[in-house]
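In structure tokens below, several structures.
Shared chain: subunit A. Partners: subunit B in the first complex, subunit C in the second.
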Partner chain A sequence: MAQATSRRDALRAGVLLAPAYLWLTVAVFLPLSAMLFFSFLSAAPFTSANWHVTGLNYAEFLTRSIYPDLLGRSLLLAAIVTLACVLIGYPCAYVLARQVKGRAREALFLLIILPFWSNSLVRIFSWAIVLRGNGIIDHTLGALLPFVSVNLMFSYTAVVIGLVHSYLPYVILTSYLALQAIDESILEAARSLGAPFRTILFRLLLPLSLQGLAAGAVLIFVPVAGSFMEPRILGGKHGIFYGTLIEDQFVATFNWPLGAALSFILLAVVLVILAAASPILKRAR
Partner chain B sequence: MSQPRGISRVLGRGYVGLVLFFLYAPILVMALMSFNASEFYAFPLSFTLDWYRRLWGNAGIVASAWRSLWIAVATTAIATVLGTAAALALFRYEFRGKRLLQALLFPPIAIPWLIIGTAMLIFFFWVGIGRGTPAVILGHVALALPYVIVVVAARLQTFDPQLEEAARSLGAGQWVVTRDVTLPWIASGVVAGALFAFAVSFDQFVVSYFLAQPGDATLPVVIYTAIRKGFTPEINAISTIIIAVSMAVMLAASRFFKFGGER
Partner chain C sequence: MNRINRRVLLGAMSAAVLAGSAGLAMAAGEIRVLNWQGYGTDEAFATEAFEKKTGVKVVHDYFTSEQEMLTKLRTNPGAYDVVLINSAFTGQAKAEGLIAKIDTSDMPNVKDLAPSMGQNPDLVPGGDVYGVAWTWGATALAVNKDKVTPLPTSLALLWDPQYAGKVSIRDDGVEAIQFAALALGQDMNDIKDLEAVKAKLKALMPQIKTFWSSENDWNQFFSAGDFTVSTFWSGGAGRSITKGLPVAFVVPQEGAVGWLDSLAIPATSKNQDAARAFINWMIDPEFYVQWAAKGAPSSANAKANAALPDSDFNKQAFADPAVVARVHFMKPLSDETRKAYTELWQDVKTAQ
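So, the complex of A and B:
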């Protein structure tokens, strides 16, 4: 590898790197800094000439219990969705990584992660069509059990189902990558010594794939804690969460400084979670 | 192969089948309903293409679809060029702060889009860019860049830097080396990165939602607004088209990029 001892190399590296990183600075890092500053303002400078620096937005979060309550509600939702995704996704990743081989594995794997790159809004809408009263679930159940009618639409359950559907491929993807890297001969050795599957799972598979599993869990927990579109569409009046609260500040009540403070509190929570997970995520490196 | 493991194999495949059913059934139901004549999604189904015809006549949706498409194309072009250049520099040169630059790629991926989107809204308003298509493109490129860099960098891992050395020692200049030696080798990674960038932009809802001008919005934003007013089979029709397009793009990407790693 070339050493950037010469000035020409340094110049070349700078020319290649500058456009991308300038772009990220203007579109991500400066906005995040601006938002931090904004969260300490009494009013938006471009809507009111009368603004000053204040800690009131954060004080409002602490004094009005509805805000911390909604944050807790969102974190609980994220925990439930993450747990469901892990419980459903890990066994699926195991089958793909250790039982299916060759082209069948490639095809199945592609089928699982294909939806994950397709439009999340459209997929949430598809659940609205399925779950609504008089929808297909209602009809199928009605045909089997007359007089039974289910309408899951606009409920907490609907929000959880939609979010699990959206984020399940993450945990399958990361767990699969970790599981397929495990050396088959270790598992063979354990089997030939008579270890039951339970022992292999808890003493070998889980510890050896923990990094992938944890990465998948973090990748689910963080965005779900900040979700607003899914609860809005599927939750109805049960769809009020911390994310929808932030959305309201920007598109409905136009209290941008409060919205900025609420966003930053969420960002702080996200960073704490990432920091807490980082020992597990780094361990296997 | 012993008998019990054969059974577990069947169970395993059945389970994967169930997961696939969960992932695809709602999408299929949604697509099916776009061909159903009843405005209220009533059964039994009776086939029609009316909703697609109506969609074509809906000037607002058609305009937003074209807007989404060309924003995605512009995002892809910009992010692919800038991202490939950055990935090359990170691969070729050793310098102080390189690890920091690599670490800086993760905030745009890891921070929830709600936070990034509202931060962009505040900043772009502050500096006078405001809302609208330029703001949307600024945002989309920033979200797509880290993906392009990571995907191209992964492909570069398989490239032997001695090939560049050899070309240089034969008298090729830096540009010729890049064009004739390095780029052909990483072409599949660049194509995959471009397709990822397209998907990030074309499917982007959250950031577009905060940055798009009302009345001048991208397709997902228009759909979100429509859904909140009430469902119509017309939304099913456009959603079916979107899902078909983005799945086709990702299927194309899969030919260039192994999601499951090598083996």
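So, the complex of A and C:
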């Protein structure tokens, strides 16, 4: 009897899981496998008739210094953007989770999620209008302080601003969920024992919400390390990163195998970084 | 009796059908043109006028890249009678036996082609015509004429410290290298000193505000005042001026990077006479003046350009034959050279 039930449970679980895993197989696993295969070819099969299997695409990463250089540049950018998002987003999530209630919270949430509902290109191009010389910031500052001219467009700062804006909601949403789950009585106990806010923050709030914060940070770090659209549009000549280099292989030089190999190297490096960071996160719990 | 009648009737009908289809196949009443979509040959006024004059109907098929054009010629022998080929690809098409030698003796408009184009060695190797020069354009300097006075004459403008942070070029390695080579007085189609070109490009980077990649980019950045000095396409500059932007287009004394499109006849065409008549019509001033009114690149036919109204942008920009002579048409690039150029450009962009 018990066995029959568990078999039925397993069947039901299978039926419920099948669509998701079927979809993942078709939409993620197959294209990625094709790309992995391409990364070991001398030329993409649809551009050249005589292709052969080779490891040269991966070797090229080591033979030209611009690949590791740009990878380092992209990882640094990802670290800066992630840090900025955490510093801005975590306090915001704290206030939303523990201080604001009711309609005000809904309204504030809407403001955070709103950028998510707009097309990412629209977001970036609207930043271009704001940041450019003769743009909104320049005009406002010029009205307050004549002789001061700010033109942030086509700079590293512009890239960081655009990326932080795009990815900030991730860290707010994940931290919010973690902070909201903390039992209020624990905080009350700390307060009743005379703990100052600093102690509560570092001994209770941060450790208890670290998983949410870390999840948000990972969600930001990984895509930013491979970003190409924001750097290209907002960075101008300062927008040369690992992601734009990969994009060039696909759209400018039609070297799909090299582009695929560079992408998998990025994936491997990101996985190594995450693996190295996970014990630290575990210990903090 | 009845049965026999029916059989006779059926036989007669099928014979008539056969004769009809044979007639269709035999008449040279149709030529098939392979081109980019919306690029002159498929203008309705032009095909109607040609059909009225010759009784030959013009049917179109399109390609979206040079590689696709070559593939279509290779895989569909006999399907096309006229094909548009960029002069940088004519050599390859000829070497693969895809296009025929063209007898221009009965094409009266060919003698009016500008010599630098009609006799271009890529189109007319060893004196044999494999492509009739049709249209062309150039990438040269375009400046904000309100801010750059007097108008420049030299590519050195891009390196002029006065315009530091106010310069743009297209984010394209091959073109960037060609301009640096021209500025150094090298042959852009046969660069001998690539290291000097690299150094020249490195010196250009601090001047640059940003790169542009599309015509829309260019107009946007120009209007916003992001740059005052840039490289630009002749056709794009013409359209920007029409929009009212204060743009001046200059072909500098060192030269400009040009492209030249030709009309060719596939080796497998069965309607070569009609194809030659159509090409002759395509370089006719009468056709070109009507097309130019809708926005066309420069014609390779000197008489056609002369027939344009004086207000026409292409006529103004390329009125002087000395200017036209400074346009260097792009030669084919080998895959190795293209890769080397791309890598050099990546290095320069990364090293700033």
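We take it that the second predicted complex is superposed on the first by the 247 of 285 C-alpha atoms of A that agree within 3 Å, B and C clash if a C-alpha of one lies under 4 Å from a C-alpha of the other, contacts with A are read in each partner's own complex, and residues count from 1 in each chain.
In this section, contacts are C-beta pairs under 8 Å (C-beta built on N, C-alpha and C of every residue); 3 or more make two chains touch, one makes a residue touch a chain.
What you are looking at is a predicted structure, and each value in this text was computed from that prediction instead of being measured.
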Touching partner for A:Gly236 - first (subunit B), second (subunit C), both, neither: second
First (subunit B), second (subunit C), both or neither touched by A:Ile136: first
First (subunit B), second (subunit C), both or neither touched by A:Leu267: first
Touched subunit A residues, subunit B compared with subunit C: B
Contacts of A:Gly259 with subunit B and subunit C, given as first, second, both or neither: first
Subunit B versus subunit C as contact partner of A:Ile66, first or second or both or neither: second
Subunit B versus subunit C as contact partner of A:Phe154, first or second or both or neither: second
Touching partner for A:Arg203 - first (subunit B), second (subunit C), both, neither: neither
Common interface residues of subunit A - those touching subunit B in one complex and subunit C in the other: 132, 134-135
Subunit B residues within the subunit A interface of the complex: 8-9, 12-13, 15-16, 19-20, 22-27, 29-30, 33, 40-43, 82-83, 85-86, 88-90, 92-95, 101, 104, 107-108, 110-116, 118-126, 138-139, 141-142, 145-146, 149, 161, 174, 196, 199, 202-203, 205-206, 209-210, 220, 223-224, 227-228, 231, 235-236, 239, 242-243, 246-247, 249-251, 253-254, 259-261, 263
Partner subunit A, residues of subunit C touching it in the complex: 67, 172, 205, 208-211, 224-226, 338-339, 342-343, 346-347, 349-350, 352
Of subunit A, residues touching subunit C in the complex: 47, 64, 66, 69-70, 132-135, 153-154, 236-238, 240, 245, 248, 252-253, 255
Contact footprint of subunit B on subunit A as seen in their complex: 1-4, 9-10, 12-13, 16-17, 19-21, 23-24, 26-32, 34-35, 38, 44-46, 88-89, 91-92, 94-96, 99-100, 105-106, 108-115, 117-123, 125-130, 132, 134-136, 139, 165, 168-169, 172-173, 176-177, 180, 222-223, 225-229, 232-233, 243, 246-247, 250-251, 256, 259-260, 263, 266-267, 270, 274
